[in-house]
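Presented sequentially are two complexes of chain A, the first with chain B as partner and the second with chain C.
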Partner chain A sequence: MGLTAQSTGLYAFLEELRRSTVPADAVVALAGNPNTGKSTVFNALTGLNQHTGNWPGKTVVLAKGSYRHQDKNITLVDLPGTYSLLANSADEQVARDFICFGKPDTTVVVADATCLERNLNLVLQVLEITPKTVLCVNLVDEAKRKRITVDYPALARNLGIPVIPTAAREKTGLAELKEAIHQVAFGRQSNQPKRIVYPERLEAAIGRIQEEVERLFPGQFNSRWVALRLLDGDASLIQEIRNYLGKVPAGLAGASGFNFSPLGSN
Partner chain B sequence: MAVSNLANEFDRLVQKARAERSKLGAVRDQVVQALYCEAQQIAGRVVKTEEKKRDLDRIIDNIVTSKIFGYPLMLALLSVVLWLTISGANRPSALLADLLFGFEHKLTSFFRWVGAPAWLHGVLVSGMYRCLAWVVSVMLPPMAIFFPLFTFLEDLGYLPRVAFNLDQLFKKAGAHGKQVLTMCMGLGCNAAGVIACRIIESPRERLIAILTNNFMPCNGRFPTLIAMAVVFLGVLSGGAHSLVAAALVAGAVVFGVLVTLAVSWTLSKTLLKGVPSTFTLELPPYRLPKIGPLLVRSVLDRTLFVLMRAVAVAAPAGALTWLLANLRVGDLSILAHLAGWLQGFGHAIGLDGFIVLAFILGLPANETVIPILIMGYLAQGMMVEPDSIDALRAVLVNQGWTWLTAVNMMLFSLLHFPCATTLLTIRKETQSPKWTVLAAVLPTGVAILVCFGLTQLVRALGLV
Partner chain C sequence: MMTRELALTHLPIGRTAEVVKVGLMGLTRNRLLDLGLVPSAVVEAVRKSPSGDPVAYKIRGAVIALRSEESRHITVRLIE
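What follows is the complex of A and B.
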């Protein structure tokens, strides 16, 4: 399928990912607030196997890298650091589009252990899009110095996803992180993420719209989240879904829904 | 179902969601609130902190960003910084001036001794060197005090709080809350402020921030404001010069903020229509800055950088002005001819021809406006070296200045077109000659309007 003028951006980047020399067994997105040591985690995981790719049309450069774990090639994409995914800025839009439309096999959210509350906002927003999420709580060494203690098992229970404490600068917790990514990416563990409950009237409206999203795009997006974004009138997401539709090969768009796997993994 | 059908159905769904939304109220607010609530609850359950500092931060934030204390505190801090700058810079400025103008005599003797022609001495010593000496002695001490203080507040974590306080006002003006941060940068240098506008994502709000950044007096214009405040207005009150002068300069900054808001509002209602976008602003923990690195950064990176730029521009500007002031056409210098043409316009807005000319010739760098002005005045025959505030005052009074002239000079300096460097930066950032021209025309229009209005009012009331 050819690239249309509209479908540069995300799809051009994905195309490039797919063409990379080492075929990826799984694609993992790395999200997180700025200043959480996200890049340190990225560097610690991928070492020197890194490239940067341009996000066409936006002045956002994404770094990607790879590592091997248990005989699988994992490609890691370092998304821009953002506080939210509500698409207030180009960075947030890129991060959101990648998680939603790029359909990474796992999304790792890197959080700062010293100010977890602020970071949890982004975690909860990612969980609204995809359950295939791992929370990496970084800078635990700094938190210890500041006498902040976090109950990680309780956090994992509350969020319904694996939570891995790390100190990427000291290279601690990375093996556990790789293993958790592996478990989620290859479906050995399925998460039951925390669901945000909205005010009653909003929930009712979400229900009505969600039904139709599910009918139009069966099994393709998180219909609840898309419904919520539509109700919020998120113009950039609406545009991106139109782009996504433009990418659908006409022949495949059967009534049963098309099996469009943009990453072409495996 | 073909793709186009799917697209149509999707469009219908978007319409349906829009209809639902109109019945729901502010969806975004409900979403954000639910997210924050959940995050707070989870964090409350799993995070234990023994740290007292965070609580202290919160207490400080409650005061610093409170509705009652927020604004007075900002004003007080601004005034204190300016007062420290003005009163602290006074003596070193005088010392530097003594030193540098003393050296001018040595230079003059040297030129006589080697028998250099008078025009060479004029261009190099009376033009270039004197302009440099003025720029250095007037600008260096205030900057060496202002920049470390400013950097201190920045490192302390106070600036994001200022943005937080002013966010509501800017939102009402249809602008972006982060514009405040770019304005803070503008206090140092407008070109830097314009570049800082990159932190604003929405092109509409970024343009507003770029077009209005000039209303924050940069370090090139602070000396003009301070000199005017000290020379003329501070004297009125007798004793406490520096206090009154600081209050006046602080008032000028506040006026600059008000004009920024007014112009932003106008732009967002006319040329740049739209709704302000929301954003997340991190209020970082307060940190006591490390004095060593702070001094290195503020003195080397900022003070010396701005000073070198000023010097690089002041030297040729000084030489050019000397030539204009000393080359005669008929029985008047070129400078006087030009000033004569501008006299009518200058008088209408409460200035004079020489002042308007100094602002025009000062386009490359605002720092040179006062040296050019003085050179223009002095070339008319009165040979006083402006090596002290009193001497400067004498020169100006001799030219028929009143307090109104000084006020208008402050206002015009605050509001007029940005310097050439800033304009070039705007050209680069907007990629558009159209917006660049507007960035020069708009503030100049405002400056003329304000000065004209004030002058006519004061004259009509017979106050001068």
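What follows is the complex of A and C.
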């Protein structure tokens, strides 16, 4: 497969993001389950400075917008609402590829305070890819009406990332959210998320593959996460790694002679 | 007390059960796990569609419809 619109879509999109009329000092991805008020958070942060566009090569609509905070231009990308990043659908694949290969400066996961538990799956999946994550617990006004209370400090402590309660409809918590994004994006706060530990046999396999990934692509991917997906036999990830390598200097990609296909389905 | 295990398909409407095992593989399994249907999760059968399939279940605060082709592979334990 050559460099078609589909294979280059993500990188064309990223290029455009970094070089728009107002250069972005940081690119922030907004992820979250469907119906968490993610788009309300997006609208509340960016106001009218936004437009939607198609993900090049895929029928997934993405909105991007921008705002200024502490003299920095922040570009926000509203990813499709998903329950997972394990790429069972085009939406999930776009969200996953953006977070893993797009390397946003911060990823914000928007969760629903009224059913937090079912949102934490996505939070943990994002944390496996990047520690540069902020959890925005939205709809706290609705949770309050339902007499649900959330121990935010405990949640932040257990996850190892900033947790910001918001009610985006009422515009509460937005200043705190912007500040938390700022802290993480510009490295003023380095998160130490708890690592998910798998059973011993799996950890041994992860370690072996991770070593190989690290040797072939030093510092390019989150090698532990890539190792996990390779163990899954995730063919769409293998394809995206190929696309990604197609966009980096040839020497790096070709010299290894590493072939991903044994685990793939193609 | 004996605890009864049954396929989720046979959980009567209005009854609640705890998931014991998700006996599926691949994408379907992933999808169900993503929706919160993992061992020890609590599920309530909420109502049947007119034809009896799919059935709506309450899982972690959300109502999700499952077809019997999925639910018959999910083993649950009745909560008295």
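Everything below uses one rule, namely that the second predicted complex is superposed on the first by the 243 of 266 C-alpha atoms of A that agree within 3 Å, B and C clash if a C-alpha of one lies under 4 Å from a C-alpha of the other, contacts with A are read in each partner's own complex, and residues count from 1 in each chain.
Note that a residue touches a chain if its C-beta (ideal position, glycine included) is under 8 Å from a C-beta of that chain, and two chains touch if they have at least 3 such contacts.
It should be emphasised that the depicted structure is a prediction, and the values quoted were computed from it without experimental measurement.
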Fit or clash - chain C, chain B, common chain A: clash
Contacts of A:V28 with chain B and chain C, given as first, second, both or neither: neither
Touching partner for A:Y198 - first (chain B), second (chain C), both, neither: first
Touched partner set for A:R208, first chain B, second chain C, both or neither: first
Which of chain B and chain C A:L86 touches, first, second, both or neither: both
Which of chain B and chain C A:V134 touches, first, second, both or neither: neither
Residue contacts with chain A in the superposition, chain B compared against chain C: B
First (chain B), second (chain C), both or neither touched by A:N121: both
Which of chain B and chain C A:L216 touches, first, second, both or neither: first
Chain C collision site on chain B, chosen from 21-29, 57-65 or 327-335, when both complexes are overlaid on chain A: 57-65
Set of chain A residues, in rising order, touched by both chain B and chain C: 83-84, 86, 88, 117-118, 121
Chain A partner contacts - residues on chain C that touch it in the complex: 27, 30-31, 33-36, 59-62
Partner chain A, residues of chain B touching it in the complex: 1-3, 6-7, 9-10, 13-14, 16-18, 20-21, 23-24, 27-28, 30-32, 34-36, 38-40, 42-43, 45-51, 53, 201, 277-280, 282
Touching residues (chain side chain A, partner chain C) in the complex: 83-84, 86, 88, 114-115, 117-118, 121
Chain A residues within the chain B interface of the complex: 34, 83-84, 86, 88-91, 116-118, 120-121, 123-125, 146-152, 154-155, 158-159, 194, 196-199, 201-202, 205, 208-209, 212-213, 216, 227-228, 230-233, 238, 241-242, 245-246, 248, 250, 253-255
